[in-house]
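Listed after this line are the structures, all set down as structure tokens.
Below are two complexes that have chain A in common, paired first with chain B and then with chain C.
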Partner chain A sequence: MIWDKKAECMTQKQRESLQLERMQKTVKYVYEKVPFYKKRFNESKIKPAEIKSLADISKLPFTAKADLREGYPFGMFAVPREQIVEIHTSSGTTGKPVVAGYTRNDLAMWGEVMGRTLTMIGANQNDVIQNCYGYGLFTGGLGIHYGAQRIGATVLPISAGQTKRQLQVMQDFGSTILTCTPSYALYLAEVAEEEGITAKKLKLKAGCFGAEMWTEKIRDEIEKRLHLTALNIYGLTEIIGPGVAQECPKKNGLHIAEDHFYPEIISPDTLEVLPEGEKGELVLTGITREGMPMIRFRTKDVTALRRGKCGCGRTLVRMDRITGRSDDMLKIRGVIVFPSNIEKALLEVKGVEPHYQIIVTRPQFLDEIEVKVEITKKMFSDEVKHLEKLKQEIEDHIEEKIGLRIKVTLVEPKSLPRSEGKAQRVVDMRNFK
Partner chain B sequence: MGELKQLSVFAENKPGKIEKITKALADAGINILAISISSSGDFGVIKFIVDKCDDALKKLKEAGFTASLNDVLGIELQDRPGGLHSVVQALGNRSINVENAHVFVAGSRDRAYLIIEVDDINHTRELLKNDGLTFYNS
Partner chain C sequence: MKLKQISVFLENKKGHLLEVLNVLSKAKINIRALSIADTSDFGILRLILPDPDKAAKILSQNKITVKETEVIAVGVSDKPGGLAEALQALNSANLNLEYMYAFVAKSKEKAVVVFRTENINAGIKALKKAGIPMLKAEEIYRI
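Our next item is the complex of A and B:
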């Protein structure tokens, strides 16, 4: 089923003309309404009227996460706060969160793109959607919720946690659609097995899983253990939340709602726009947003775009599964962590030298993070209890600075691998490739 | 008076770590007279009494270890039942708190010493001066 055949299946030519019209309108709108953009456009010596084709978007400056932090809290809003009917924030732990403001029209558009998303995975008004994404400032919970309401499905706003209760509800209410992070889906499957609940006793048929990187291997595992079709969902707070892109059951990429979110792929090094099919950083422009339109927002997510009609009938461009980041951002159990901030905290502890390694693993379903720190002459004491205290001091300081407790392990000097004199700082063993 | 020196080396709590340290000492022709290990989860500190402590420290540092030399107090133990008890009793009577302790047999093989780590060696020696104890003196 396709929710909005006209929008999702139009020809490339029709769509390009619609995109251009919306892009021109948005560029003019933000230039007039958001001082930040006016200043940026002026600095780049570009006037809205110079956007004459879709390709002209490359003349506009990029917007980064840091710009949103700088404008905290409402600096990026294009309307007075009074016209904002809902606010969400990102899940970062460092500094100020990213704030997203939605007008009534933005919420309607969000419901619409999420309606498409849920229809794409096979949901309709007969379905019971168990929504385990968190409700609150995080966009996941309410994003799915608005889509579910739009298509008229029965939504269970249950959030994550209380897993046994989740399974009870799943059986008693006959949930058919599951929405959560892939790691939580696997955790649900494990608890179900422990409780003797076979997948056949459940009525699940499909699910959209996202908010963290995952792999085909994890997909196979979820599908096998929960007896459903597991599909990939993509979105980010800065743009709208979930609803930016969704994979259809053909499983050959995620369809971007490009009539609302204009995608480009750039080289993170040269910042040049790359041709179709080339791997690079995804850049998105919200061309129908009212409360907070983003112009050329650098997602830092690495992917490639693929054109051509999909077997599902949609003509919307497809993006590959995200395989990495163009910056060093890590997501640990859904929380954004920058290794550079861990380093900063580490070096603030007396005697610590920058010989460390951050190791991220996922022993089963939950991420674990550990920092190995080489012991130095200044740190060394012949008393084990002093070393224990030092280790704790480092853990406390990192927690204070980044908001996450990270296990610290003291290791021998020169024991961490160095390549060409430069240590490999982050070892992510979760394998998303 | 030459104070007894103890060599402390940092080691991760992993198989083969002590071996690496003892190999470095053996290669340098250093004789180990006593060893003690205090560990805490992922790591530990290995303590040695050796015959040539300055050489040992130099060699270990060259081999990339984090190590240090510290003064410790050696108290002679009588080779009879209650020998250790009488020393410990004296320490208790003087309210001396011992951080770490182990035993070492002197190079001459005829005397054993209780090695104790205390905050202030001179003060401790002063406190114990009338207890009839014999201290190690190199």
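Our next item is the complex of A and C:
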């Protein structure tokens, strides 16, 4: 089923003309309404009227996460705060969160793109959607919620956690659609197995899973163990939240709602726009947002775009599953962590030298993070209590700086791999590729 | 009275203790006494060897983190209450014992125990005052 055939199955000509019209309108709008953009455009010596074709977007400057932090809290809003009817923030641990403001129209558009998303995975008004994304400032919970209401499904706003109760509800209410992170889906599957619940006897048929990187192997596992079709959802707070892109049951990429979010792929090194099919960093421009339109927002997510009509009938461009980041950002249990901040905190502890390695693993379903720190002759004490104290001191300091408790392990000097060029500081063993 | 002890940082990994012992074995250094303090992540290997300076040098050359620490070798009467008597001397002087471990071999009917007190000189003084015999470094290396 397709929620909005007109929007999702446009011809190239229809789409391009709609996108251009919306892009021109948005560029002019932000230039007039947001001092940040006016300043940036002036610095780049570009006037809104110079955007004459879609390709002209490359003349506009990029917007980065740091710009949003700088504008904290409401600096990126294009309307007075009074017209904002809802606020969400990102889940970062460093400094100020990213703030996103939504007008009434923005919420309507969000509901619309989420309606498309849920329809794409096979949901309709007869379904019971068990929404285990967190409700609150995080966009996941309410994003799914608005989509569910739009299509008229029955939504269970249950959030994550209390897994046994989730399973009880799933059985009693006959949930047919599951929405959560892939790791939580696997955890649910495991607890269901422990409780002796047969997945086949549940009524689940599909689910959209996202908010963290995952793989085809994890998909197979979720599908097998929960007996449903597992599809990939993509979105980010800066742009709107979930609803930016969704995979259809053909499983050959995520359809971007490009009539609302204009995608580009750039080379993170040259910042040039790359041709279709090439792998690079995804850049998004919100061409219909009212409260907080983003111009050329650098997502730092690495993917590629693919054109051509999909077997599902949609013509919306497809993006590959995200395979990495163009910066060093890590998501640990859904929380954004920058290894560079861990390093900074680490080196602030007296006696610690920059020989360390951050190891991220997912032993079962939940992420674990550990920092291995090489002990130096100066740090080495003959007494266990001194070393334990040092270890705790490092852990405390990192926690104070980044807001996350990370296990520190002291290792022998020169035991961590050295390299000629860039040292491999982060070992992510979660295997997303 | 003071005795040099070599401490080695050991990651809690398979084969690491063996590595250290192999280095000593190749250098034909015999171990007189040893103890390991361990936590879940790492351990500290403490060694008494005939030529601690040489051993420290060789271990360092083999990229092993070592530290030389001073300890006291106490000759404890090999009878019930022998060790308690030595500890009582420290207790009376209000001194903390950081750690201790025993030699396997005996010296003249005395059991040899290594003490690391919080203040090594005060420790020696307290033991001396209580008449607890201590062994000289040379005597230990000859055991």
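By definition in this document, the second predicted complex is superposed on the first by the 431 of 433 C-alpha atoms of A that agree within 3 Å, B and C clash if a C-alpha of one lies under 4 Å from a C-alpha of the other, contacts with A are read in each partner's own complex, and residues count from 1 in each chain.
Here, contacts are C-beta pairs under 8 Å (C-beta built on N, C-alpha and C of every residue); 3 or more make two chains touch, one makes a residue touch a chain.
In this text, all values refer to a predicted model and were calculated from it rather than measured experimentally.
Visitor: Under the superposition described at the top, does placing chain B and chain C together on chain A give a clash or a fit?
Guide: On the shared chain A, the partners clash.
Visitor: Thinking of the overlay built on chain A, is A:282 touched by chain B (first), by chain C (second), by both, or by neither?
Guide: Touch status of A:282: no partner.
Visitor: Does the superposition put A:382 against chain B (first), chain C (second), both, or neither?
Guide: Both chain B and chain C are touched by A:382.
Visitor: Just chain B (first), just chain C (second), both, or neither: which does A:188 touch?
Guide: Neither partner.
Visitor: Please indicate which partner A:153 is in contact with in the superposed arrangement: first for chain B, second for chain C, both, or neither.
Guide: In the superposition, A:153 touches no partner, neither chain B nor chain C.
Visitor: Contact-wise, after the overlay, does A:360 reach chain B, chain C, both or neither (first, second, both, neither)?
Guide: neither
Visitor: Applying the touch criterion given at the start, work out whether A:411 contacts chain B, chain C, both or neither, answering first, second, both or neither.
Guide: both
Visitor: Residues of chain A that sit at the chain B interface in one complex and at the chain C interface in the other, please.
Guide: 375-377, 380-384, 387-388, 409-415
Visitor: Which bits of chain C are touching chain A when the two form their complex?
Guide: 5, 7, 9-11, 16, 37, 39, 41-42, 44, 46, 63-65, 67, 69, 98-99, 116
Visitor: How about chain B: which of its residues touch chain A in the complex?
Guide: My answer: residues 6, 8, 10-12, 17, 38-40, 42-45, 47, 64-68, 70, 99-100, 117.
Visitor: Going by the contact rule set out above, which residues of chain A touch chain C in the complex?
Guide: Going through chain A, the ones touching chain C are 375-377, 380-384, 387-388, 391, 409-415.
Visitor: Within their complex, state which residues of chain A touch chain B.
Guide: My answer: residues 375-377, 380-385, 387-388, 409-415.
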